[in-house]
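Shared between the two complexes below is chain A, which pairs with chain B and chain C, respectively.
Let's turn to the complex of A and B:
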């Protein structure tokens, strides 16, 4: 604890050391377990006396519950108990999902099971607890509910019309939240601009489709007064607090354990009423109760996202300088804002992020968030980013077309200069350091657009229509309390890590961030091994247990590496210093002459071994009598980290898509995709590249395939994997990934988030490529997903519906 | 969801199957590959009291020459349809259809008989059988009967099969000079938005005696009689125009009725072009 800490002083730049793992594609220690089927997902946990929860879900988008008769269900074979909303309200308090910093936001109280009305098709209304799922489902068919159907809010455009019924009378109207960012001068700038172009964009409602569905196993041990919840979640500590508060238990009497998670993408960071019901039922019954959503339940009850209609205008001068953006966003959520992050953040992000990569003056953007009788929406991978990027980049391409400028050139003229930082964007986002121009230059070198343009021209002559589209983007990562904490939510922006050395010289690190299948534990092991100075295989990582790990926010908003990784690095470095100080006492050497490398205390200058860590462990743990009396005995260190200088660590990047549109069938064939992104320091290049690729594929899903289709009565028509189309590997293009590294100076590690960049930019790149392909026809599409029917309709080959 | 409880028995002969069915009653269902039935059970869309497994009945297996055509056992899997040399030579349309049916895992278990008994309107094989003029051989305790494919597919998931009948085999006639199948689906393996199975002769560079049978555009395979005739007499453009008189597709959430008609026209040209060779339909 002496010299000022810099990456250099900590040896982070010493890539020559065998245990310099930061920046290396170390194989994931969890990979073999996952491949061999030896992971422990929540459904793999089975407890004595365990019961299963099955839910009767509303067949109506909106209906009053006139009466419920559970007598026949309760008497069915294997049924232990049937719960209604009224039963659960006795033990589980309702919640209201608003954030104080989202001014004027409102939402209605939501119960584990509704008391009077079902407000979306698929809302859990009655819960059956039985010895098997099959018995529970048999009984579910016997529950008799007398429904009185009510008009459903199924159109966002009319949600605020005076003739539309108000969903929750006590709220007064169907408006959840609205916010306008306005720099002023927008009308004047647009009035005097050389060119103004506009378009109306639609982002289709879609959902996360995790391989492992939502899963929970709750057990209340009356003897201990403890509620233990095995939960497939991104945020165990947040859920600990939620279970405690809603079930009126002390937080210390709730333990949340999250073992392996099969994908989350934001889906698993929210409070779901059916999961609260499971915990409440376990509390009442004093027995373990398990619930694993099936795919149908996932489609109707996992959060949806991205249901937006956006009208956008861009003003440019005659030289192609962007003068301003003027944007109006309208988004429909569900009947309730989702607890505790709220369903207003996505619209708020649209306001924060539109125009993000560009240096311009005038900005006006309004989001209007309205209620719908549809599955609740909330934060899903790259919250708001794909929408803001599609609007921004769609408008930029339209401006380039109007000016007759190459889209790359227009971007070069307007992207924020790489030496302009720190920079504050018109809606007030503060950027510490971005690299738009370096990223674009690198991308252009990878894409070689001249070659593709030549190919495009040659093929057009033969009736083959290919298009090249670009999208610059920014991504919000490493959030501070400015995201949720200042709004009153108990969502931790800090995270901690405890690192200890055991007698054999091995290291155990316990972290508050969590593994969702994306490799968090792999990078933590690398960082800890690097920081302590041991081979990576000597590091074991513990995550996902609120009784064991330091308190933390978990994994969301791309904070695992930037926040969790930094806490791990700081605690690992502290442990190394501790190891050195004890070793120095034993070896009678000056601490500054020693280092730790590959599990040994070494002479810093020569690198020669002075003592294996196992010997240091043996002495301290078993022969403490041989140490000087005042020598420290702790080989354990904990550090917590939170960002302080910037509310968010923004990243940036640019993507390109090359594709072919079959103008007879409307099918899009993706030929190639490129991404250059800047997530700061890269811990594991392979994991970052695969995060980017997976993100791109998820973004392509929204652009081409994925859509939760509702009819006018609010019935979801896409409840199977045959109807809700996800991107298939065979249809995906090769995705080339390049990097620019601009480490954040807020941390020693310098890492920013990498998980959402792909999703943020891919839909816009695909959209621009499709419109480029269709340019000879004058057809343009701005409504995602870009289905064959929409493409053929835009081409005038089939009639609009 | 979990399947509702049901009884299960495996029959080793047709006689045994009929006896089991008599004993189990009207709510028993035959099961062969189970690729459609088990999905509907998993959604609890139906709850049969018993499943009688007919997949191992010897009489349902095997591919053999029958006259100028073939007799293909009902238990033949889609994978085998695509790989069997005899089918490739004597009923190539079925071999061409096989790779378009769902995905490999489904093709390994799904059977020809099960597929046509289910009669999904977007399914490839019913259209192929109608195009080929195939005959479905069905057995019941009353004996065997033969049903022309064109009469077999009655409507949406509806066939001429009696409740106690088992499809034993499909008989195909002598193969047409040419045949082709094409479909337009959102992703490979998806239900087609529109598909076309065609059988035809080629006479002096034109398609003749064409039988154009569309799928995914109606409740059952649609033999486009007007378009088939127009194709023979006047060529592709006339056939495309005539389709409006043959098809009146209902839309679904992937494609409107108008779009399905458009895709049917695209398929007509593509199939004709593939049959006649590149450049044959220039202009």
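Let's turn to the complex of A and C:
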């Protein structure tokens, strides 16, 4: 038992052991309930005396609330109570979303419902609590608000000019945060470079569109003084802390329960004022209050993201060596930074990640984060990565064109060598081990570019325009406290798992990470089955209950497998050792001669069974009298895990897109998409592939369709699913996925994250493919989404608007 | 608004009678009146398909159908389709291919997929993609769903041959 544990000693790389589940595509144990419609999403939970919250939302992007008259609404059928901002401020404290390590960052206090002003169209202003949603909606129409409209801050380019009104007077200006990374020497490098190319990129403001809307059910038991919240969230423990702090309760008097979650993608890891209002109203009323956003509310109040304008330049020498990047990023985040992660992280990530796959010297990148009267933005799947990748890869392709080099060749000359690690990038990101060249080689073998190039040339002659685009990328996963903790946010970077064996030899594992459809529970079951030595069917996973599971950060930034999985593995292995030590005492055998396999204590050398775990359970739990007096009785172990050596575990990959542009209509038809990614040790290949595919399609959505369209007055025009377009089955290509495995050495498991890689790289690959298709016309597009209108404009077939 | 209507219909083979508001949609009738939470409301304006259920053998959007209009109708939901075993092969294929991630779209998607197969739909990926394009899935990127339906169609064709 004393030999050091290594991945090899745990059989992590062996598929020959009967319970070697790591690396196998085991079907998800929770899938059956999903296909039978027997899952329990938050809206499926109903409690006795439950009430429903309905919100009156601001029709203005910016307006002073002159007066509110709720008398008629309060008297309407079924209405129990009507709350204004002033009512809720008595029980719910405001919050300010800044992080200390983002130097100079500022934001204004945000209340559950605003006190004096609405600052975006769709901001909840008044809450009705009624016996049914229908009654609440009827009453909402009776609330009379006297609005005094104010000028709306809609254009990020003018947000900082002196003539523009300051959104929150106490802040002094509309600047939330700015940061520059500068290696020095950029101007000289660009002045002396053989070639400099540049472009201005636009990333469209888009939103997550989880199919299950944000949902919450809060109940306050006055006798127990206990707030229980059923919440569709990624981070139950974080929310427990937030509810406690803002509602002035001890954390121990708040319990957050997260059952099934219908998609999150980062949307459900933030503090939403309307959800805080629901918890506060339950606290006041001492009754359960439920709120499920309708789709209009989702579009105006779920976080938006990626509203950036980026000017970029790249300098290369005559041999196609990248000398430097010079980038200026501007982003608008709405009227408040979103609590507690803040809305400055996305811009900060752009600064951290541009140029990420490449070995070059000179780097300068500034992000400027400004206020707007639009829906607040915050972290959405692959935070900042799709932007940084589009800028980097767009510039790399421009450089290749200028040099007359094949884009693959230019990448080969500049990607960080696979044997160069550890490596620190110009903006200071530390890479433990990446595999850009291996990934690119594998991708090229899958894509067979020569064939496609031949096809492209033949078709061009017939007036059919196809394009092939590539995008290398890095992705930040397994974050340490360097992401949020050092900035003062109570967002945990560690996670825990408790594994126990019950009398019949079955195993229960309770984990702080959560499931939103990625398959987190499936991989935890595999890891625990592997680690303890039982059939995977004998493992039950419990997540999403702050009363029960060890404290942890939950699921975000691709940490489920890397952090939660490692905690599960360590606790499972510890339980196995415990089982062996008790069995050894009973069997009078030396512990090192025993092992656990497929639910049996076995002889390590021969593999023959010595005792089923059910028998061990029976003896310890029911016939403790027969055990040696000093034999231990615990069949439960808890381990927590946090990364310590690197602030983040970076992954890498490369994508390719093959598509056709109809130059008459401007429509893009996606023909095929390829991804090779390296997420370290793969626990379940099928689940990883499906994470990648789903991520790619979300990335394609941003590249081609998705956009929150605002008019000049700050009114959102895309508030139905018919206006805000998301990818449909008929429009999506098949996506081939390949892997390189470079396990992180920070953990036994060696897993890094896999959920965001697809989204990080897809828009850049699609952009480069479109520009490749349009090369004969000299037309180029850098503003996402690449709509037919924009494509036709670039082709000069319609006049620019 | 005050008027309530009595409606009697068959849901998953069970006769139910309720007195309801005329404005109540089928999806809310199923979820709130009957506690059948398998079908979901994703948009409530007829676009996403999460609310897809079967009425008199045809698939409909539960968020666009008024419950009061269903006097005498035969309604089947994912719960009923599961209990009867009618879509078992399709469900198995969804599990095998990991064609559901969060599962929120899944009951509607399966109901639409069952409709494709019932219409004699072939193991043709483009045709499958077309048929399910009224059902949004935000998680999977669709490929696994197409794989699963294709697989089920192929098996059914094989079984019939």
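The definition used in the following text is that the second predicted complex is superposed on the first by the 800 of 801 C-alpha atoms of A that agree within 3 Å, B and C clash if a C-alpha of one lies under 4 Å from a C-alpha of the other, contacts with A are read in each partner's own complex, and residues count from 1 in each chain.
Keep this in mind: contacts are C-beta pairs under 8 Å (C-beta built on N, C-alpha and C of every residue); 3 or more make two chains touch, one makes a residue touch a chain.
Just so we're clear, the structure is a prediction, and the values are computed from it rather than from any experiment.
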Touched partner set for A:32, first chain B, second chain C, both or neither: second
Chain B versus chain C as contact partner of A:97, first or second or both or neither: neither
First, second, both or neither for A:518, with chain B first and chain C second: second
Touched partner set for A:137, first chain B, second chain C, both or neither: first
Partner chain(s) touched by A:396 [first = chain B, second = chain C, both, neither]: neither
Residue contacts with chain A in the superposition, chain B compared against chain C: C
Partner chain(s) touched by A:44 [first = chain B, second = chain C, both, neither]: second
First, second, both or neither for A:210, with chain B first and chain C second: second
Partner chain(s) touched by A:128 [first = chain B, second = chain C, both, neither]: neither
Partner chain(s) touched by A:792 [first = chain B, second = chain C, both, neither]: first
Residues of chain A at both interfaces, chain B in one complex, chain C in the other: 134, 138, 294, 720, 722, 728, 730-731
Touch list for chain A against partner chain C, complex: 27-28, 31-41, 43-44, 46, 134, 138, 208-213, 260-265, 294-295, 516-519, 686-687, 690, 693-698, 720-722, 726-732, 734-735, 758
List of chain B residues in touch with chain A within their complex: 1-5, 43-44, 184, 186-191, 193, 251, 253-256, 258-259, 262-263, 266
Residue numbers on chain C that touch chain A, as the complex places them: 1, 21, 23, 31, 35, 37-45, 47-48, 50, 77-79, 82, 91, 94-96, 98, 100-107, 110, 125-126, 128-130, 132-133, 135-146
List of chain A residues in touch with chain B within their complex: 132-134, 137-138, 141, 294, 296, 664-665, 667, 705, 709, 717-718, 720, 722-723, 725, 728, 730-731, 787-789, 792, 797-799, 801
